[in-house]
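You will see two complexes here that share chain A, one where it goes with chain B and one where it goes with chain C.
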Partner chain A sequence: MSERKIGVYTCGGCGIADALDMDQLEAAAKEQKAGFCKSHDCLCSDEGVALIAADVAAGEVTHPIVAACSPRVMEDKFRFDGVETIRANLREMVVWSHPANDEDTQMLGDDQVRMAIAQAKKSMPPEPWTEGAFSETVLVVGGGYVGLTAALEAAAAGHQAILVERSDALGGMSAKWSKVMPHLPPYRDPQENPVAGLIAKVEASDKITVMTDTIVTKTNGMPGKFEVELTRAGTPSAETVGAIVVATGWRPYDATKLGHLGYGASPDVVTNVELEGLLGDGPVARKSDGKAVKTVAFVQCAGSRDPAHLPYCSSVCCGTSIKHAIQMVDADPEVMAYIIFDELRTPGTAEEFYRSAQEKGVIFVKGKVEKVDGDLTVTYHDALLGDDIPMAGLDMVVLATGMVPNSTNVEAPALELEDEKLVPLKDDINPAAPIAVAGYKEGVDAPEAPARPEPSMPEGAPILNLQYRQGPHIPMLADGFADSHYICFPYETRRSGIYTCGPVRRPMDMGEAGQDAAGAVLKAIQAIRNVKQGKGLHPRSGDLSYPKIDLNACTKCRRCTVECPFGAIDEREDDYPQVNPSRCRRCGTCMGACPVRTISFDNYSVAMINDMAKAVEIPDEFDEKPRVLILACRNDAYPALDMAGIQRETYSAMVRVIPVRCLGSVSMLNASDALSTGYDGVILMGCKSGDDYQCHFVKGSGLATERMGKIEETLKSMMLEKERVQTMEVSIADSKKVGKLIDDFVATIDEIGLNPFKGF
Partner chain B sequence: MPNGGPNSQAILVVGGGIAGISAAVETAEAGYDVILLESSPVLGGRVSRLNRYFPKLCHPTCGLEINYQRIRGNPRLKMFTMATVAGVSGEKGNYTVTVKTTPRHVNAKCTACGDCAAAATSEVPDASNYGLTTKKAAYLPHEHAFPMRYVIDPSVIGTPEADAIKAACKYDAVDLDETEQTFDVTVGAIIWATGWRPYDAKNLTAYSYELPDVINNVEMERLAAHDGPTDGKILRPSNGEEAKRVALIQCAGSRDHNHLAYCSRICCLASLKHAAYVREQYADADVDIYYIDIRAHDKLEAFHQKLKNDPQVTFHKSKPAAIVEGPDGRPVVKGEDTVTRDVYARDYDLVVLATGMEPSTAGFDLPVTLSQDDYGFIVPHVEDTDGMFSAGVAQGPLDVSMSVQSATAAALKAIQAVDGA
Partner chain C sequence: MTAPLPESNGKKYDLGFARWVYENVDGGDKLSMCMQCGACSGSCPIGTEMDHGPRKLFMMIRAGMKEDVLKSNTMFNCTSCYNCVVRCPRKVPVTYILQDLGRVAQRLGYAEAKETDNARFAKAFFWSTRKFGRTDERLFSAKYYLSFGVGEAIKMAKANMPVARSLMKAKRMHLGMPHKIKGVKELNAILDKAEEIEKREQGV
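This part shows the complex of A and B:
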């Protein structure tokens, strides 16, 4: 870039000029050596925008500073090609949240301008990382219904696909199904199984390469350039792919663990999967003697919703038993089918399927099955009678067993891993953990959440065998499913460019899983198309910056490689960190992790944040005006502060706010440096941490809390009180609380007194 | 050709709730031009009016904030609010869509300074609080409004108040003469993400929705919301007292042939969440949940189990027969327990009807023929023939995560349609 030209444009609109002395803002800008400062009474008007645009076009300014409203509004109006617009928030965070024409409000406004100039002096235009060749091929792992669908969807979007299946044939579990649940109106009758048709389409596609008897034995690289080793019958081959869709599906819960439900005691106690093999056009012949089954009982939740087996609901078993009962009754109207259930779960339009079964004479019995005997007597607990009721005379008992995700390949042995490599895994890989459930505050007698066992390593071999510092597995969270933790972004993966879908992610039926496959493929091709332009993936979509490490200063402590929430940083053979730019999601957690502060982004750097903090004018101790630095997460805390302004909530004018990408990007040194330069307190404001964390970079606020937990000693050595640094959990909905939190903190500072370092 | 090349037409997304936003953003980030239409003045739809999501009890505005950042940062995505589809002609790959906009009476010059609201004197029902409160006739829909632009209620147009509002605006942003407009856009595929409305509880005559302390589940979300009518305190609408004895009535309309024949999927979890809201606020609260089946699918079962462990939350397997007004005006829930066969009549501070989701398209003449089921849901074709897709609750009763999944899938189908057309 040629010469940096910083120009400040102050806006007097929306009450800014009524509350602040605009000349004084200009003086602050000049004193910080801005090239010029221009004022307008409405910068977002056509005329105001034209004023800036003309300066940009004339080459007068490379870093226009718009000192006006929040960066959360008018972004499109103040975007000018070829220059980086910097915003100083004078409206929401100054005049809307502080008294007009007040000395402290003015000082706050002046400092907003100073901080923006400091930012403009250090911000560099990001150079996108686009080195080498990028692949557009999608690798799909798993050749069942979901994998077949994913491969076809990728091909239909114009991409080559490689479909890998560990068994010798395509089709997976779903190939076994006689018929499937209805997903289309009128939702009443079992439908034809689509899998054979999908296999034929896949085999006919010139865009899809099918590899059966094949597993993925190594995955290296990053989105756009994953290098995978595919091993077929012991022979490895190498492929380069752009993104990976994992559709490894599920396996039925091991029925041999269900002895109390009669499994093994009689050949006529079968699982729902085994029943599929017995269903045909005619009546079902039972295994023991070939006799046509006339009475059958379906035992729901056989293993599911049972803390001794699967704590979760497998979602599909109610619908599957209904399908089976309908198929049996349709084939032989004399069949008496009983479905014994605790809660019958046919959500959405599946209710119509339930109703259809009732109309066909299937009998639904509310009760919890206690045991099934070898003579096929089913004993269930009837809550109405408060008694155990035997149901005898059955020809067959079907156990509605649930789904276990294939988050690993249990047909292959687990890898031996060194202990050191296991350390970072515990956050990501905990197949034993149920989902974290939020709710209830302190002071309320909260009921016990379902027990959470100690983290454990999964059984079986990793699906992709990632050659990542953070281990070979795809992260698996709740109950061992390879799912993300997010409601609003179900594809927000912790391993960029790798998307799971179907029942490996969550128990789901084929109707939903087919859509899930399409969704995962969309994310895969989106990743492929963006990383080759050097663009970051969700949630900082399109961000061209990426972390740069000055290895001359690096001490090889490896903290960045361990703390990255996305496993983006590996270790080189010489122990220096190696950033894989297209795996990076641009949160800056590595920057906050680095103890020697040698990791920065072009437009978000250690020096920039430091200089912004230092640009604030710290009044001397006789002024009795404390200064508190707030490092606020852009996604939740900063908008909450903004909305406090929109609601005209007021709070102390002693605070100075610097937005950060994530609290994970904040180091303990940000706090201690601020205190050593005269700030009286520091607040780290981010979202909720803990098991039910809300951070969209997984663990930012958790890391901040952990890091600041260690600051006490540093403060002690500086002879400072620990109350001067506080991590606050603020949600985006705290617009009416955040002001009080700030005021309470400033009151605490007033109590303990100003920082004795002031003036040094 | 892939990648939204010169031959690819733009993709239209109808509806700016969570499904439409997701479909639009995912499509645009895959490299395509997108036009997003929203009928109300702001994006966010139903979820933006929820207090929190189950089971994490996190705030929907958090994810919306990220999505709004993605929209603001992506020049390929154009959005129009107060805009609906008036007509569609053409075919897959080349549709001409007539868009109709209703007047906001505030133009793009609006800075959201709020001077118009200060000048307004009359009050109108606050749609963002489901009419539980009123607001000024010149208003910002809510604090998280996107776009952040004021609206002038049509009821004041032609009055001296409107002139005063216009006079108060320093930025020439008030346009009292704005009229309904139509314009055409050319697109290659259309994603219908038209969402849902709460089933009208007035149809459930036995449940006395007209009593002040009988509310529906979306109103309960507003009572619990920090920017709702009670600043987040769960209070009895009749007298403002704390609502500590609360009944939650499942399947209020759903799974009932006289109302909604299907299961609305989300209401069980929503009520479990409401039980948690009440218990969070009042340590001595008692919550009763009346249900047919608790449908806490997959891992959400853990949320169900946690609430079942709470001795102050009681589950009654029963569909109540009636809700009546008690002698002191309190609602009384009457019925028979299916398990114990006990006949009960219990009075409460507050009764919440877990009303289901009815597709916005039900009973509504769409401007184009789509494949709809008997309930009005727009169901997917087995094979795409027309470049028309549905996402979110327009497609069926889905929760938020499933809506986003379906929206992401619809984004893929739409780009396949425009690339292949």
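This part shows the complex of A and C:
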């Protein structure tokens, strides 16, 4: 770009012109040396957009500033090729949330224009990173039901797929099932196992390369350019793939640990997986004497939802026991099947399946099994009768054991890891922390969250053996499941371009797992196509900017390589950081981490935020008008403020809001510089951090809280009160609350007095 | 023919009892649909008079507590108002099940079944029906009171005098000879036949 030409377009629509003096806005723009300032009654109309488009086409403007509504709306209307549109939020954050024709409101509006101009002066249209060749192949790790489905989905979408399976045959656990839970209407009877059909389809596909007896021994590179080493019988081969889908599935919980439930005491106490091997067309025969089983009890939650074993619900065991009971009753109507459950969990259509079992006479008993004796007497505590009930005379007891994720390869020995490579496994999200029980109103005591076992290093070798600075494992969320957030970003691991699906992510049945496979493959394809164009992945999908590090200023402090939530930055041989652009999610956590401000994006930098803050006109101390800088997370806090405007919630007009990509991208220097230029306070507004975090970049808000915890010393050296800097957790639903938070903070500032640095 | 009730051999918990009830008690096939929500017990206007509400009784059936189920007074307290049947989300015919369970208990000679208030009341009612083809309030009440013994009967009769006076005032109760229907004989024949059929079905 030859010359920076900044033009301001003010919009008078949506009540802006009624509440603000438009001439004064123009004066503010001129004072900041904008090339020109044009006003229109409705900029988002065809006529208004044409006005800007004509200037852009004529080369009159390279940085059009649209001073109108929030940057969160009308984004595509104001997008013009080749130029970077900057938005000044006059509607939601000025006229809709503050009184009309008021001196303070006008000052706020003027400052919004000034800040936008300062942003335009520092911002460049980002140049995407598209160096070298990009692969479009999808690597699927795990050849079970989920992996097979994933490979077929990838092939159906036109991509080549490599399907890697550890054992010598495809099919995985699910190949053992005699029948499966129904996933098709009317959801009442067990269905045929689809795995054999899937294997045939995969083998017939010319887009899928199947490699059995193979494990992934090394993974290097980044999305679009993963260099994987696949080892088959000791012989490694190299492949380049665009994205990786991990479908390594699960293994049953070790039943030998369930001695209290009679496992091992009698051959007729079997697990649900073992029962699959006994189910055939006819009645089930006992293991001990071959007699046909006439009465059978299923013990639910065998090891699951038990802090001493698996603290979580394995989700499928209820459905599996229902399936087994139906199969046994169907084969021999004289069979009496008891299902002893603590809480029967039959989500969705599984409820129909449950009903079907009831109609077939399967007897459901609510109770917690206390012990199973060697003579097959099951003693359970019946909560509804309040009594311990011995159930004697059974022919077989089936333990419904749960799922353990294969987030590591337990068949291979664990690697010795340096301590720093364990960081993402055990630092910011504590897998042992109790997960809060949701859905309780404030002031109402929620039931105590279940206790969880202490975290330990996962046994076994890493699945992908990532050659990343942050270690070879895919980070785990809780209880060893590889995911980053079950609800908000399914499939997304904290390693870009690597997606988990199926029971390695969370316990699920085959119906869900099949959908999961399709979802993860779509994510993988999205990654492949985005990175090829230099575009960012979730959650800043499509962002062309990426972090650039000026190594001349770098002090090799390694903060960026340690703090990146996605392990995108490696260390070179000479200890300088090495950005892997397509691994980057563009949150800017590295930028906030860098003590020497040497990491920046084309259109986003510490200096830009500082300049925007400085562009605000700070009234001198005799005006008694404090100024508070709010650095608001774009994902949650900024929308909450917008929403407050939409709902006409009012709050103090003394605040100036700058949206940031994530609180993780806020440098301590942003806060201290603001205070030294005369701001009276700084608020960092972002998402909830901690174990039940809501940060879109996993640990950005947590890092910000930690960094700002250390700012106290800086403030002390400046002779300032620590109350002047605060981190606030604001979720997207907090629009009614956010105004009060701001007003309370401004009141605190009024109490402690204005910043003595004003005017320096 | 009804299958014989499983021998419980003095066991408190009988694995086969639930299945026997499912298969042999009127409406029992629907009992398997019970999900223990408690709408029946919550809807029951005289649930407080019962040892166990219907929900608990059904759970006891599943747990195989044969003795406790058949000794309970739940079945005899049911007034057949059908509130539970109307409200049951799983369409369990609670009333039928209770009535038939009551019959089972009585047939098997559970003492409680014969001595409950309701059993005495039902017997007195049945006596009056057989004798007059309808209820004669005075004689039928007297028969019911006397089943508790003479002293008790006098106390009960005295306590109910105001009710009796009101009924007479409203011409709902009369003094004089009991009214009889025309076809007492025929009605008795019908009832005999019904009893015969029931006995045949129960294989007694």
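Everything that follows uses one rule, which is that the second predicted complex is superposed on the first by the 725 of 760 C-alpha atoms of A that agree within 3 Å, B and C clash if a C-alpha of one lies under 4 Å from a C-alpha of the other, contacts with A are read in each partner's own complex, and residues count from 1 in each chain.
What we mean here is this: a residue touches a chain if its C-beta (ideal position, glycine included) is under 8 Å from a C-beta of that chain, and two chains touch if they have at least 3 such contacts.
These numbers come from a predicted model, not from an experiment.
Student: By the touch definition at the top of the document, which applies to A:Gly264: first (chain B), second (chain C), both, or neither?
Tutor: Once the two structures are laid over each other on A, A:Gly264 reaches no partner at all.
Student: Regarding the shared-chain residue A:Pro99, is it in contact with chain B (first), chain C (second), both, or neither?
Tutor: The answer is neither, since A:Pro99 touches no partner chain.
Student: Is A:Leu384 in contact with chain B, with chain C, with both, or with neither (first, second, both, neither)?
Tutor: A:Leu384: touches chain B and chain C.
Student: I'd like to know which partner A:Pro311 touches here: chain B for first, chain C for second, both or neither.
Tutor: first
Student: Who contacts more of chain A, chain B or chain C?
Tutor: B
Student: Which holds for A:Gln694: it touches chain B only (first), chain C only (second), both, or neither?
Tutor: first
Student: Touch test for A:Gly393: chain B only (first), chain C only (second), both, or neither?
Tutor: In the superposition, A:Gly393 contacts chain C only.
Student: If you stack the two complexes on chain A, which partner ends up touching A:Met336: first (chain B), second (chain C), both, or neither?
Tutor: second
Student: Across the two complexes, what residues of chain A are contacted by chain B and by chain C?
Tutor: 355, 366, 384
Student: Going by the contact rule set out above, which residues of chain A touch chain B in the complex?
Tutor: 13-15, 42, 44-45, 69, 72-73, 75-76, 79, 153, 156-159, 184-187, 305, 311-315, 343-352, 355, 366, 383-384, 434-441, 443-450, 478-479, 481, 485-491, 506-508, 512, 515-519, 521-523, 525-526, 529-530, 538-539, 541-542, 635-636, 639, 643, 646-647, 687-688, 692, 694, 696, 731-737
Student: Looking at the complex, which residues from chain B come into contact with chain A?
Tutor: On the chain B side, the touching residues are 1-3, 18, 25-26, 29-31, 51, 53, 55-67, 69-70, 72-75, 109, 111-113, 140, 143-144, 148, 170-171, 225-227, 231, 255, 261-265, 273, 276, 279-280, 283, 293-303, 305-313, 317, 338-341, 373-375, 377, 379-380, 382, 396-398, 400-402, 404-406, 408-409, 411-413, 415-416, 419-420.
Student: Give every residue of chain A touching chain C within the complex, in rising order.
Tutor: Residues in contact with chain C: 295, 336, 355, 358-366, 382, 384-385, 387, 389-394.
Student: Spell out the residues on chain C that touch chain A in their complex, using ranges where they run on.
Tutor: Contact set of chain C toward chain A: 11, 13, 15-16, 18-19, 22, 29, 32-33, 35-36, 55-56, 59-60, 62-65.
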